[in-house]
Amino acid sequence: MNKQEEALSSSAVTDTLAELGRYFYSRGWVLGTSGNFSAVIQSEPLRLAITASGVDKGALTTEQILQIDADGRVVAGSGRPSDEARLHTAVVKARGAQAVLHTHSVWSTILSEAHASAGGVGICGYEMLKGLAGVKTHEHREWLPIIENSQDMPALAGTAEETLAKHADAHGFLLRGHGLYTWGSSLAEAKRHVEILEFLLEVVGRTQQNT
Amino acid sequence: MNKQEEALSSSAVTDTLAELGRYFYSRGWVLGTSGNFSAVIQSEPLRLAITASGVDKGALTTEQILQIDADGRVVAGSGRPSDEARLHTAVVKARGAQAVLHTHSVWSTILSEAHASAGGVGICGYEMLKGLAGVKTHEHREWLPIIENSQDMPALAGTAEETLAKHADAHGFLLRGHGLYTWGSSLAEAKRHVEILEFLLEVVGRTQQNT
Amino acid sequence: MNKQEEALSSSAVTDTLAELGRYFYSRGWVLGTSGNFSAVIQSEPLRLAITASGVDKGALTTEQILQIDADGRVVAGSGRPSDEARLHTAVVKARGAQAVLHTHSVWSTILSEAHASAGGVGICGYEMLKGLAGVKTHEHREWLPIIENSQDMPALAGTAEETLAKHADAHGFLLRGHGLYTWGSSLAEAKRHVEILEFLLEVVGRTQQNT
Amino acid sequence: MNKQEEALSSSAVTDTLAELGRYFYSRGWVLGTSGNFSAVIQSEPLRLAITASGVDKGALTTEQILQIDADGRVVAGSGRPSDEARLHTAVVKARGAQAVLHTHSVWSTILSEAHASAGGVGICGYEMLKGLAGVKTHEHREWLPIIENSQDMPALAGTAEETLAKHADAHGFLLRGHGLYTWGSSLAEAKRHVEILEFLLEVVGRTQQNT
């Protein structure tokens, strides 16, 4: 890929990230400046486009998306990357993901508390599971690990790395009282995973109310 | 109908299918590439416009709608038809339907599990039932059969055919853990049936929470 | 008002009715062609603009709004008025209302069943009540009578007239398993009443789930 | 700031207030003409832009936003300011807020009743809390005091002043059966606080249903 193509590609990625942010906001999944999103622009060395910290996702613009390297240093754009940038790079390294999306919905927050003592949420028997990459049947059992929330970012990133290693099949994880992380081999796949997991968490949450 | 009229008609059908897909998506009924929609373009021999497999319904375009024949072979357009195309052709044959719509909402998913052991969901006493074709009174009892989900598509289509024959008055059915199928003598009627059944399933689901 | 002014006024009314219909649809309050809306265009003799029967409120146009007289006969426009036109004229006569709006939401449907044996829903203590015409304090107690649903329209209209006479202070009523009727001295007031009563019914319904 | 700059700034503020109103309305947080919003245009002497009483927030225009002084007198624009203008000026004085936003959602209404006997709602352990100004950790405990509703505005404003003094760390308060007040050092911060507190109140409300 020559310089010009890369620039175009990078521009397409930031456009899509900004659009995704506004869309998730419209669904109520990233209110109050919560949530953050990233996508790989270049692999070697790693260049990750990522939303700046503390921006209103309902009015997200491409100017609010930075580029960081593998160590989280800003290499393009102005502003501060999300404090959780380390979690994004950890997912990219552990999964070879091309995009990492973190939403913060009512249902993911509720289930991350309600299932904290179990260490995760098990989801099985739903056709929607087949939309997760590599899943062929609704009989698949998805285990979404729950990681205890922390403001110590290096520690949290370390726990996330361990969790990703331990649960090598997981398509996402929950931070307790905080929300959902998922990813994909493309932005489109990562978006699909957000919709699927948010849908399933709502189904599980409402089912528990019904019984 | 001459060739030109048919082409126009086919184009109007695919436009409407794409618009319906985006509308259902906005309601949260076909997230994560779930759901699929079809409409008859020609009866003899059967030509069915149907959404391609695995496409994002929030950005559904007419290019993502194929034409298949009665055996599910692609006769126009590129891409793969939904795996569930056999269910669409089964409904068209059994009911003489002109359109078949499959949505995948939170409430239809929840009720398809909660009522699975009963084999279906009975709905009675609601004025909204009068919007179903041929129903004249809210005292009508609609029985939505629940079919056990399966990844064996010929087997699932066979079960659907039996269910359609056994419950000749049903305006739709649920696949367990999967969602709603309904249909109509036109796309407008099928859309109305989706809205009515999704509404009623939400009412039934929330009523059970309230008691 | 001369002929030309009247024509303009009538056109403004039908524009607003069509806009209201599309708005209520977007909120999910009139799915599946449910709901109907009317507004007085002329008092002596009565000319009521009213939505035609069985139209999709999400695509409601001014062409789908007819004019009827006090006996429900169509005097302008084509199509059939809603079967419930008699309820609209009954409300106009009993309350001197300039607009009558009937919505069909999930919560109004649920509460109309859950409170049927009590004959109505009592709502008290909410600031939102102050938005109802003539209400000065949140300590106001609104009693929304519930009328048993029926397909015998003359009988239903008769019951509605009795209910309106008996509950002279009510700002609306529920048809069991069917939805909400409310009205106002203008279209804007009637719209406000819909929003207030739908809001309060949701609050009451969810509060019962919480206890 | 010279006269022209001030005029521009005032215009930007009213534009943003009108936009915020329409946005909150789309979320269902200010139905039925409920809710009111203000922002400081000038500090010495105080000039507060504030929504007029009884206007439909879904169609809020800049013409429906007035200017009042510290005593609630209209100094620019026509119409009557919200009856609750005293609460806005009380918050501005007590907190040095630049913007005060009052929403009226289903969940804030429900929780303001359910927790009334406790005098407030305690919220702890959620990452979303970090979006509140000055909060550094999800372990923060936010206490939202609940004030008994009243139609005696001077008395209500007095109680609000006492509450603000007593709970100097609170980022908002609830009026019983009425809704949420929050504020910020800018309109953007106040909007963020609305989203965060409305989100957290929904989480708390639904969690109580789940247990």
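Order as written gives the chain letters A, B, C and D; numbering starts at 1 within each chain.
Rule of thumb we're sticking to: a residue touches a chain if its C-beta (ideal position, glycine included) is under 8 Å from a C-beta of that chain, and two chains touch if they have at least 3 such contacts.
Predicted, not measured: the structure shown is a model, and the values here were computed from it.
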Residue numbers at the subunit A-subunit B interface: does the shared fraction exceed half, giving same, or fall under half, giving different? different
So if I superpose subunit B on subunit C by CA, what angle comes out, to the nearest 5°? 90
For the pair subunit A and subunit D, the C-alpha centroid-to-centroid distance in angstrom is 32
Would you kindly tell me how far, in whole Å, the mean C-alpha position of subunit C lies from that of subunit A? 45
Where subunit C touches two or more other chains simultaneously, the residues are 209
Quick one: label the inter-chain contact graph as line, ring, star, complete or other. ring
Would you pull the subunit A residues touching subunit B in the complex into a rising list? 23, 27, 125-128, 131, 136-138, 188, 191-193, 195-196, 198-199, 202-203, 206-207, 209-211
The answer for subunit D against subunit C in the complex is residues 28, 31-34, 56, 58, 104, 106, 109-110, 113-114, 149, 151, 175-179, 205, 208-209
